[in-house]
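Quick one: the structure is below, questions incoming.
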């Protein structure tokens, strides 16, 4: 009943890591570094999300990520507008990657994944966990700390820290 | 900043789907069918777990799964004893697959994943969700229903239903 | 110690199903259909909630529900403004019905129910669950999908879908 | 679109409040008193549950409840063995009542309700909340306190307190 | 291995109870009364939080608290702007006190506490629970009830009730 | 409205850190080290809990802790039997300390704290969080890993590791 396993070293396929990334944090980057070990290609898909009033433009958010992962050739950064399911279909990805940190995350992600699956049966979501030292990180909290003049250097790449400072006139 | 994506159709690598499977349910099988779309090989690793007093022996549990997935050549069923991290290392898998159903699941799985990662840095856990019609299924509940004389045919393969009936002298 | 039960077929009383319903979803309708089996009269009470900036006016939201349940004579649709406890008292309902989907729902509903009970001791909340295929549905997500040009026909009645399309100039 | 509501004072139908009640607590009794306001008949259905090693026999548990609700003619206490769905069908109840206290409760109850609905489409579960001063009560904790010699009189009827003392040789 | 305990009656040190308090509720006051039993000094630190659009100014919020605790000499009320970690450092407090009510609270507080600890290793958070009759209270819900013309007198001190009425032109 | 704060450097009072500690983990020790910064005396109260079939005797568990904290003169280790509220009263502590790790923890601790408060109004519970690298640790998981032959040295003091090995004949 047990078959030989031949292709252990074969890298996995393509995964789409989607989000707003406003801005990218060390927690997101930790997840990307975990994903490239498992998948042959990781597409970081940056949602436009203008209705959420992001602090940074889509172009800025894409640039922050690109700068942060320039040593990872198997990672691609791309913006998208509209529904993730439509982008997923167009890109031909095999699954979408989402990070899980806490229970509230989990519930929202669960709802989102089921809704997306309803709109596209082939839409599969894969969840991974960042290292436990990043379970408390969120882009929202980082922006709040930066607004209040706090030091966000332990939480984001240095070029993101500088951009936050500049954007918030600090 | 965007690179061409060449290998979209390339199947992903090897994933270990570990559990007690006492017995396998339609929810577990749903997850296996989702996994074979994404991974080139799925190893269903059946923990011995004698200290948890399983209803079925490890050999029986392996047999139930093997019978249930005989149309899936890329799935391998195997028993293991001891720690999952040790089995993971021996087998050379790239990640472990776990199913997520509810918040209580999530918390336990989160703890387990972090603890395993502490024992082996390369231990990566990937979570997937069964279809929403199976979010309520658990092996424990199925055994309880069978014990009380209930009909478990909507929840398990027919050969598992018969084995439950026989084991419980129904 | 066991008494004869005489009135099994006697329908239950009046329940108030309150919410914003911006707009009504198939999940809400599933709950209404479940409620009419148990209660002789179901009042769907549509909160004005202008401070929440609903997409549809109260009149539109009432109309959507009325059109959706025109085959259910025991269901009544009505708008209200102000506190639910005051409306509850004025209408003389016996209990308020709320749908439960997820943990975050549960917590909010729990708080709301306790607070309402504090303001009116007779205020009783009854929770029911939609079918599991609707556990992921929320009016908020449906509006987001529609805004992004997605197909919401699996989630809402067709006249609501058309109204969404018209309202959002799609 | 609004129809006249004629039967507001009409009491609701029959509800089955099922559980192990090992033993009945003031929290359970609070729920029963809430239920009799809304339903014309409340059947307290005491599961045998021998495999859970209850402290009290089913007969004792039924007696405790009967003594506690002797001023409520619309409440009936009855034991049952086997599956709740089968009992539900035999008794012809319209819905099952369950108490909700905390998140862990909620999850388990959610699973149970969905599983029961899968076995019998007409199986409907209605959830109600005890008063907030009883949200912390559980039969398990009461037995633990009694075992350690604690005073459980604020949590259970006095005849239950005496029975606990006697059963545990205190 | 057991040492004599000499200083049982020695009061504990200084704790900072931080929040927006927009406005103070009976739940917050319950926690303050619990804290003064344990700590020799309680600093109620009122965050400016202008970006959250508080209903009351920081000065008003400070005044409400000061009026409510005028019989407690060991309580000090103070406004602060900027990051709590910076205020914490400047004030030399030993720990920050936060109230815990529900799971959603817990998660947010957990994240906040870990993030603050990351910015200042000495930042320690201590959680306490209000009495269970206040577990449902939140400043947000109280404002919503007041806006809808509801009676908030069971939830806030009378001078806060009057201020709400005046502020909302009721 | 602001009073001078004179006694910032005054250490806090006595706290009772209660549990089964079967066996003590690095997570427990992390919490003790955090507590001694805030409290002038920390009593580690080891529950007998014979009905929970602990792996180690109460005397062994006390010894493990005593060995682990021999450099902390302000920490006292003591066994107790019976209810924590009774021990609390006898010892004259000001509050009980409990560690919080995850949502399931939180719920159980919340119930326990409210129940204890019901039995003794003066019973106050204070929650603290271990460092995030220990949020996944539990005595139960450590025993399971040790039973399966895993290396528990990153999770417990070395003398506990040796005792586990000896107890489990590894």
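Read from first to last, the chains carry the letters A, B, C, D, E and F; within each, the first residue is number 1.
Just so it is clear, a contact is a pair of C-beta atoms (placed from the backbone, for glycine too) under 8 Å apart; a residue touches a chain by one contact, two chains touch by 3 or more.
The structure displayed is predicted, hence computed values, not measured ones.
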Common touching chains of subunit D and subunit A: B, C, E, F
Centroid spacing, where centroids are CA-atom means, of subunit B and subunit E in whole angstrom: 46
Field: Mean-CA-position distance for subunit C and subunit B (Å)
entry: 38
Field: Rounded Å distance, subunit C centre to subunit D centre (Cα mean)
entry: 27
Residues of subunit A whose C-beta touches two or more other chains: 103-104, 107, 110, 114, 132, 135-136
Statement: Chain-chain contacts, ordered by label, are A-B, A-C, A-E, A-F, B-C, B-D, B-F, C-D, C-E, D-E, D-F, E-F
Residues of subunit B touching subunit F in the complex: 51, 82-83, 85-86, 103-104, 107-108, 110-112, 114-115, 118-119
- request: Using the touch definition up top, name the residues of subunit B that touch subunit D in the complex.
  value: 102-104, 135-138, 141, 145, 147-151, 154-155
Complex interface listing, subunit E residues touching subunit D: 103, 132-133, 135-136
- line: So, in the complex, the side of subunit B touching subunit A is made of residues 1-3, 5, 7-8, 10-14, 34, 37-41, 43, 62-63, 66, 73, 76-78, 91-95, 100, 103, 106-107, 110, 113-114, 117, 122, 124-129, 131-132
